[in-house]
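Both complexes shown next keep subunit A, but they swap its partner, so subunit B is in the first and subunit C is in the second.
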Partner chain A sequence: MNQGPLLFLGVLCAMAASWMGFVLMPQVQLGNQSTRHVKEIGRHYPAERGGLADKGHDVYRAAGCAACHTQQVRQTGFNFDIVLTDAGDFTDLVISLVKESNSSFSDQQAADIVANAPRTILEAVNQSVANSIVRSFKDSGAKVAANIRPTGPDIDRGWGPRQTVGLDYLFDEPILLGNQRIGPDLANVGSRLTDREWHFLHLYHPHTVVGKSMMPAYPYLFETQIIGDDPSSDALPLAGEFAPEEGTEVVPTAEANVLVDYLLSLRISHPVFEAPYLFTQAEPSENNNSETEQAE
Partner chain B sequence: MDVTQSSKSPSDWTEIDSSYRFPTLFLASKAVGWLLLGSIFSLIASIKMHSPSFLASCPWVTYGVMMPAALNAVVYGFALQGAFAALLWMTMRLGQVKLVAPGYLFIGSLLWNIGVFVGVVGIMAGHSSGHAYLEMPGYVTPILFAAYTLIGGIALVTFHKRQVRDLYPSQWFIFAALYWFPWILTAASFLLHMSPVRGVTQAIIGGWYASGLNVIVLGFIGIALIQYLLPKLAKRDLHNGYLSMFAFWVILFFGGFTGLLPGQSLPAWVGALSAVCSVFVAFAWLILGYNIYRTIEGASSKSAGLGYKFVYFSAVAGLISALLTAWASRVSIAEVVQFTLFIPGLKWLHLYGFVGMGLIGCIYLFLPKVTGTDWSKPGQWTAIFWTYAIGTSLVTIAFLVGGWKHGKGLINPETPFMDVLRGGIAPFIRMSTVGELLVLVASVLLVWNVSSMFCRTYCSCLCGALGSIGKAETEGDTKKSQSKKSSKKKS
Partner chain C sequence: MSTKPKKTVHKKKHAEDREPGVHKDPVPVLLFVITLLLAFWGMMYLHTNAGGFNRYVYGPFSSYDMVSNVQPGSSDDPMKKGADIYKSICLPCHQASGMGAPGQFPPLIGSDWVNVEGPNRMLRIVLNGLNGPIEVNGESWSGAMPGFGDLIASDEDLAAVITYVRNSWGNEGSACTPEEAAAVRADSGDRGRPWTGPELMALPVEVQ
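What follows is the complex of A and B.
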């Protein structure tokens, strides 16, 4: 291998192969991806972020938030919830089938389920069990549904209802997936932590809302100003060791405002074709407080 | 297959080495300067991990800014710049050829440093592009590319003019790296900065760039150094050139596909392909390792000197890094280590342990040769080796072990997130801070030694120049008459 030109040719082939593999192929596969109508929410997804949230994306990028926060929810698999949606007319047959499907039910419980359909018969079963149960109900006149339930540690932590897929990042420029979880995942933070003021307090000093947080404070996103004749409605409700000097108040700057706009716009709160799950409109709002305490 | 490094008379070497004196002093001293700056940034970032309120009020030094600033200072300022110095030296030595156009090389290196400086300041000012390893703002790429055109062009012309036509294995690696870098830099910069592609394609192209830069460009210079210096210092011939050739082609064809772990929000085939290719690269590394082992088997490291220790450490770190990367790309392992400190652990092992160690060893060995003076305090170099080696090992072990614990905590939803951080990884972060402090000490010593040699060489050269002004005319006359004689002989 002493010939420069031959060596060059080899290197060129290798470069071309690598370029085709990881530049051309992904572009061919995903380059034409466009928004898609999602029937669960009745509109196209994803929507372009508004101007303010887009500016917030810039603040997020410049401060390097992605060094500690990912925006990727992983899903290791899925299982099924079997729900009896419609009991049909042959009640006795259906009751016996329900008992067959879930042997832990007593006669009375099975009868209750059939009487009060839709009710869940079985939770978190694998695909083959779900298939056989659905098949067993086939000729009974009753209707059962096998609802997909994504599984995985990230989903169990409540970081998102499903895995994130390429479509979720269609309008992210630049894309900030992150590769470190020194802080929690933020892919769905806009649905998990909906309180604007909580985010301001957390950015001003994380210890105001999360006691043991490792996140640095971002005081430069806030201004301390002298309280004039009428106090600002945006002033942060700070108390104790975090309170500003008397006669002054802490208000978020424009940067903090757009950053929180951006954080609240981060949502993966409905299914897409690649990552289906049973979608219910009612978002759990009463859970927010307990989650707030857990989150960093 | 030529595996011997042919020898030449010492007088010729002096002529060849001295043609390279000032550009390389410039490159090497700036490279270690960037290492120092990068170490300071890493240390600040590391301290911020356990005391978040440290320097909190300044947007220029947040953790998320310091990390990419440190990475880019080390990758572009230290590793790539040091790699340019090393590859030019190897090209000249192996080809027994004088450096062409040292003046342009100087301009190129100056431009390169301006580019890196603007880039790092840009990151700190909040202009970071957000793509790992390419965080420097888009407006820096043209400067870097122009600088590289000069540096790489001079390297290629020097390579082309070589007196020894047969290629030694190290030269293949250098040659490939020289072409690979401008290619990935322009392609990635065009598709990420100038006319950005959409969505996750950006992440794949970013990963493609990072793996090309690490495994092929920096990795190949590291391998070239190992294959050049270890046999030379052990006074042996390379065991088998065909094994090197096999490893070369395998890493060349598969190295560009590594580094994207399975399980991210990317198409599944990306992670799968990447995992398979990491295994191929690890296999090639095993073969390289075997080849080197057979080459230096039984050689005494004491007689080979301190430089041997540097390069040996680099070879071991490179091998471990390739094997760990392949291991971490298995789906069951990737599930644990993804998004944890394990990934920066691999980065430290590769960048500081393998590439950095090799480059520092190379600087230690070749600067005295090109300047014609010895290190004034050789004892300090022993200190540099040990502080750097221990520091790098501490950081790597802290991140790898801590990262494993981090991952085990993350995949267990029963463990509250705060416990994963506070109880799980905090002690390891403290350990890594100690390691980074040691690396900082090593880089201070390194800067001190290299810059003192820089000053000494310039001073002696200046004195020599002043002294020789009087003689210049007479010398000029004799040269003219000599050249007339030689032209007569030729005709």
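What follows is the complex of A and C.
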């Protein structure tokens, strides 16, 4: 050890380099983000969670949900759908261009598409093909749009319409990304499963709603009480082997309520700049309902 | 034969006595070459896969331009898109009529900041904000407008809202193109503080 300072300097450099790579650079890159207007939903995103849903975040954390569920949807690629949005005035030219873009069309099919625009011409093509088709229509007077579509195993499973990005976690403290997928991903669970009662039953005992579920039951989030004058309106509709004793009912505790509030607040059901896709309002009424419920 | 064990003992003793230390032995050149090659490979990897360390770029995209180019609905009418953005960001202060609020927020309608040949100054105000006294149509105003460069992340959206303001309520300005918006955003990228009236007046009205 006659080179102490040199060793110290070497260790310092190694530590400083990794600190810069793992802490400083991500902070410079992703820190200091703010909510942003998303035109597809006409409001700023993300919105801060209501008080109850925020408490639910703590219950989610305490119950160890993050040990088996992730909250990150991954996207491995993207492709394009080509849509003829406006056929323009030069019908014959456009029909021949449509046939050129997709050789599987017959004359009649191509004519139908042009007559009934907007119609999809091609699905799931890569970017260079999409660009060349859009270019081929450039001077025809017709308008075509290449709509991006995220792809990847997570998206095929229906776990979300797009990948999750840093912005989605702006109000999460701590961020519960999770690293094991023993259960499905929950980043978009509020859009996929919108029924409160389903969530209560599922938490009380997963087998009441999902026969082969390997999730543990969380009975301590519920109370079994003796039915008073009237049955509680919150009582779970349990039957068969899960039914409580005669004269008693199972009601969710405050913890179960806030946990379900939190689960329903997990949504990535619209595009953001970082993860674009064509937004078609697939489930507007359901989303609006649950949003107003939370606001109340 | 009888001297052999003696020798070993002697050698061992010598080895134990020696003080361990770092010596200046030559490092093989090959090690340097391998290290440099690894560092080069690492940098090339970051160059192609890190998206320029831009916060808006996530895999599978590899650059900001790539994400920007695949935004859906890019053939949308900028006036329509601009109106949406105006409603959510500009309207609270400048009002739906573009009249602003007397004594607080200057008007956009008929303003000599809006009805000029190019959108250079407008773009900069929207991107970084404006602080301190300015003159609008001969009237002086003093206030503070925050920048919205982060909020309006795409250059197309930025161009749309500028185009909307320049062509609404009887204003007659040229449309702002996404390329102009991108150029000004790149030019004022790391400014990080609001503009002042005199600073903007020193700049040309058209995007260079």
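Basically, the second predicted complex is superposed on the first by the 281 of 296 C-alpha atoms of A that agree within 3 Å, B and C clash if a C-alpha of one lies under 4 Å from a C-alpha of the other, contacts with A are read in each partner's own complex, and residues count from 1 in each chain.
Heads up, the rule we're going with is that a contact is a pair of C-beta atoms (placed from the backbone, for glycine too) under 8 Å apart; a residue touches a chain by one contact, two chains touch by 3 or more.
Just so you know, these numbers come straight off a predicted model, no measurement behind them.
Chemist: So in the superposed three-chain picture, is A:Pro271 touching just subunit B, just subunit C, both, or none of them (first/second/both/neither)?
Modeler: After superposing on A, A:Pro271 lies in contact with subunit C but is clear of subunit B.
Chemist: If you stack the two complexes on chain A, which partner ends up touching A:Gln33: first (subunit B), second (subunit C), both, or neither?
Modeler: both
Chemist: Contacts for A:Thr76 in the overlay, against subunit B (first) and subunit C (second): which applies, first, second, both or neither?
Modeler: both
Chemist: A:Gln163 contacts which: subunit B (first), subunit C (second), both, neither?
Modeler: After superposing on A, A:Gln163 lies in contact with both subunit B and subunit C.
Chemist: Classify the contacts of A:Asn188 with the two partner chains as first (subunit B alone), second (subunit C alone), both, or neither.
Modeler: A:Asn188: touches no partner chain.
Chemist: Per the contact definition in the header, classify A:Gly64: touching subunit B only (first), subunit C only (second), both, or neither.
Modeler: After superposition on chain A, A:Gly64 lies in contact with subunit B alone.
Chemist: Is there a shared patch on subunit A that both subunit B and subunit C touch, and which residues make it up?
Modeler: 1-2, 29-30, 33, 76, 163, 165-166
Chemist: Which residues of subunit B touch subunit A in their complex?
Modeler: 1-2, 48-50, 52-53, 56-59, 62-65, 67-68, 126-132, 159-160, 165-167, 172, 175-176, 179-180, 183, 187, 191-192, 196-205, 207-208, 212, 245, 249, 252-253, 256-257, 260, 263-267, 270, 273, 335, 338-341, 343-344, 406, 410-413, 416-418, 421-422
Chemist: Could you pull out which subunit C residues touch subunit A in their complex?
Modeler: 20-22, 53-60, 67, 70-75, 81, 84-85, 88-89, 150-154, 157
Chemist: Using the touch rule from the top, collect the residues of subunit A that touch subunit C in their complex.
Modeler: 1-3, 6, 25, 28-30, 33-37, 39, 42-44, 75-78, 85, 127, 143, 145-148, 163, 165-166, 271, 273-279
Chemist: In the complex formed with subunit B, which residues of subunit A make contact?
Modeler: Subunit A residues touching subunit B: 1-2, 4, 7-8, 10-12, 14-15, 17-19, 21-23, 26-27, 29-31, 33, 61-68, 70, 72-74, 76, 153, 156-157, 163-182, 184, 206, 210, 212-220, 294-296.
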